[in-house]
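Listed next: structures, encoded as structure tokens.
Across the two complexes that follow, chain A remains constant while its partner is chain B and subsequently chain C.
Up next is the complex of A and B:
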């Protein structure tokens, strides 16, 4: 019984430790003045409002969405079909795919940044393209996991065989049978990848820098100038991440539900 | 035969993916390794000599390794107990806890550093609180130092550790506990003699993923201290962007050494995870 109490204490510590910084930052985003008191002196919407009036923030947000969303879309055009083919037709190559996934996961942005700069900075191509390409590859672990699990959940190979047996063409079998079945799982992978890229700072900062100001770089600048604005940015970021996380969990549940029925 | 050709044709769909991974992963890393061994005259080991004799860079490695190992260990201990407590909740409650954990796992880098500034920075919530209450024990604490970074590193290790340990706990079957207790083992005996030994490879694997995760982290430390705090990742960034003057070859050599560390950690974790799977 005593041991139970100890582990409960650890659990409570974990939850508080994880939630406290989030709550404090959210509160700070609405605080009028919070310098010498334990709790803020008053509450206000002016920080959030001024953020929405700041064109450089709106533009930074647009760039982040464009870059992260663009990378996810490119991954879906070029990477997902490759995963489909390997999982469905060439399972013996799957171990190569898994090696690639582990390698990509093992090399952090700070290492990849060195390689990208060494390789591309003298070629005269816009470095943002190098970052975009690196983004497409860096989400491989999430895309692979999401795609492979969806394909396994619906028994994709049998599903395709059955559809063709019942008279569907190969294309019909893919578009009308397989795709709707794996769609929730794929979409969950896309959202997860987007949320990871939206928070990316190392590559964009080291390889491109403030020439392409994303939300993360905007936030880094505001850190030293205005705490209230910075907290408003973090608050918005957390809201966005919250929406994405909940959508992912709903989609994942739905893709598991497909497997059961 | 028709199926075979179409199967072969489908291999063409792999080409764009292979080109992408070549252009944006393999070639850059290869070029980085080449550049770490070369200077204007050709092949050289000078960069590595410089790294291994430069006490400042070696100190950076030492700081990164201790920070990563200690944050991984502390997060691991906390989550080992926390997941144990979590197993008592019903499935839907556990699932909700995992969703919240997933959310906090996205809370890292610059936003996380900022949250800790709000709490513990120079005019942070707790800093003022402790001042008001006259608690001196914390007056020497600075968020912008090793101990401050440790708190932040522990924060981003906790959700990852929880997500990795959860399925390992899940594998411990109720039947084993029942069997052990029927044979007269106490709860503590079950965990020390059966549970922990079975989970051990998984725990080691989790530790090495956490360690690698912290070794590669850059943004939080950068947001807090700029290039001032001496970590490997920060050194690489500083040498690249030329805060003093850019030395990309030296940055390459440090990055290669960091990469070797990461691969070792990942191989260790792969090996442990395979071992756990065999046990469960």
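Up next is the complex of A and C:
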């Protein structure tokens, strides 16, 4: 009994420890003045509103969406078909996929940044494209896991076989049977990748910096000028991530329901 | 010329031979079973017939057409898998309708045929359900309906009932057989359950290690096993070497065979005119519903006897009994 109470207490502390800064930040984003009091003196929407009136924020947001979304779309055009083919037809090469996935985890952002600058600045390729390329590679783990699990869950090979025996062409089997069946899993992988890239700071800051100002870089700048606005940015970011997380969990649940036998 | 003719089929994966010299003929409207232990190549044969796997050599001929260069989608062969393989994002109706849609049949006609088919598999009330809302048995009925609706020339069933519990399995076995009779479709069932094979088939091919060990009607297979493998696989046969059996019955046997098999239910306790006679001490007795199976020790060997369960246990463990068997029930193995 006593032990239980103690561990509950620890858990409560942990939750508070983790939640407190988030709550405080969110509150700060709506506080009029919060200097000498325990709680803010008043609440206001003006920080949030000013954020939406600031074109450089809107542009930064747009750039972030463009960059992260672009990387995800590129990955879906070039990487996902490759994963399909490997998982379905050449399963013995999956170990190379897994090695590639581990390598992605193994390289810290800083080293990657130095590598990118060294290699590509001399070749005259715009650095933002180099970052985009690195992004496409860096989401490989999420995309690979998501795709492979979906294919395994629905027993993709057999679905394709059945569709063909029922008179579908290979293309019809893919488009009408396999893709709709694995779509929730793929989409969850895409959202996850997007949210990871959206929060990326190290690479973009070191390689491109303020030449391509994303939300993260905008946030960094605002930290030194206005705490309230920076808090408002963080608040918006958290809301966005919350929505993405919920969507991912709904989609994952759906794809599991689909696979239930 | 038979409806399905498989000649000289070989299949190798790298250095390992999976199928060697498979020859099979199947008549139109027949229900045949491929029976064999795990890994003997049953699924591989089905996949080759369906065109999903290429044979290393040999021919598959269906309804007079050599299937060599015919794509799976044009073979008019249906297949049902152990894991159902239903399309998860489609309702039962959409699953069943899929084959007809691929044939671009008029939607109203599809509707009607789907309704008919669902009635045949007793799922009329589940048309709008998704696969994950159905039990295993129901899912397998959908898979069956989906395969049957296009009226395939041959329906291949790869252990379709293995994932189901005993009761539903029995029910689906008899459903499967009656649907097959009703529609007159040629079916090839793969199973490793000899009871299932006996219950539904016109003809059984017993496979072992990539070859066909014996073929025949269920009765032929059961009463005339040709080899020790069949005798062991098909029932609880007692298999004896010549020396063992001669020692047990206490006399020289007229036959020259090296091994013999005796069905456990062919051994009984009342002496007759021409019986062989063997004595044994009861060491174990197991009752499984209507059958009591008793194991007797006789010298070095044991043998088992199965009797219908009339009035409770009739043997006492540890006691010696006299057992009898007719000479014609002693089967010579080659």
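FYI, the second predicted complex is superposed on the first by the 260 of 261 C-alpha atoms of A that agree within 3 Å, B and C clash if a C-alpha of one lies under 4 Å from a C-alpha of the other, contacts with A are read in each partner's own complex, and residues count from 1 in each chain.
As a working rule, a contact is a pair of C-beta atoms (placed from the backbone, for glycine too) under 8 Å apart; a residue touches a chain by one contact, two chains touch by 3 or more.
Nothing here was measured: the structure is a model prediction, and the numbers come from that model.
J.: Given the alignment on chain A, is it a clash or a fit between chain B and chain C?
T.: fit
J.: Per the contact definition in the header, classify A:114: touching chain B only (first), chain C only (second), both, or neither.
T.: Only chain B is touched by A:114; chain C is not.
J.: Would you check which partner chain A:167 touches, where first means chain B only, second means chain C only, and both and neither mean what they say?
T.: The second partner, chain C, only.
J.: Would you check which partner chain A:65 touches, where first means chain B only, second means chain C only, and both and neither mean what they say?
T.: Touch partners of A:65: none, neither chain B nor chain C.
J.: Which holds for A:201: it touches chain B only (first), chain C only (second), both, or neither?
T.: After superposition on chain A, A:201 lies in contact with chain B alone.
J.: Contact-wise, after the overlay, does A:154 reach chain B, chain C, both or neither (first, second, both, neither)?
T.: After superposing on A, A:154 lies in contact with chain C but is clear of chain B.
J.: Considering only the touch criterion stated at the top, classify A:128 as touching first (chain B), second (chain C), both, or neither.
T.: Neither: A:128 stays clear of chain B and chain C.
J.: Go through the superposed model and pick first if A:180 touches only chain B, second if only chain C, both, or neither.
T.: second
J.: Touching A:101 in the superposition: chain B (first), chain C (second), both, neither?
T.: neither
J.: Of chain B and chain C, which one touches more of chain A's residues?
T.: The partner with more contacted residues on chain A is B.
J.: Given the touch rule stated above, what does A:13 touch, chain B (first), chain C (second), both, or neither?
T.: A:13 contacts chain B only, not chain C.
J.: Taking the superposed arrangement, what is the smallest distance in Å from a C-alpha atom of chain B to one of chain C?
T.: Minimum over all C-alpha pairs of chain B and chain C: 7 Å.
J.: Please report the chain A residues shared by its interface with chain B and its interface with chain C.
T.: On chain A, the chain B and chain C contacts do not overlap at all.
J.: If you look only at chain A, which of its residues touch chain B in the complex?
T.: Residues 3-4, 6-11, 13-14, 17-22, 24-25, 28, 34-38, 77-79, 81-82, 85-86, 89-90, 100, 102-120, 130, 133-134, 136-137, 140, 170, 195-196, 199, 201-202, 205-206, 209, 216, 219-220, 223, 227, 230-231, 233-234, 237-238, 241-242, 244-246, 248-249 of chain A touch chain B in their complex.
J.: Taking the complex as given, what residues does chain A use to touch chain C?
T.: Residues 154-155, 158-159, 161-169, 172, 177, 180-181, 183, 257-261 of chain A touch chain C in their complex.
J.: Taking the complex as given, what residues does chain C use to touch chain A?
T.: Residue positions touching the partner: 50, 52, 71-75, 77-79, 81, 83-85, 87-90, 98-99, 102-103, 132, 136, 139, 146-147, 150.
J.: Along chain B, where are the residues that touch chain A in the complex?
T.: 6-7, 10-11, 13-14, 16-18, 20-21, 23-25, 27-32, 35, 78-79, 81-82, 84-86, 95, 99-104, 106-119, 123, 125, 128-129, 132, 154-155, 158-159, 162, 187-188, 212, 215-219, 222-223, 233, 236-237, 240-241, 248, 251-252, 255, 258-259, 262-263, 265-266, 270
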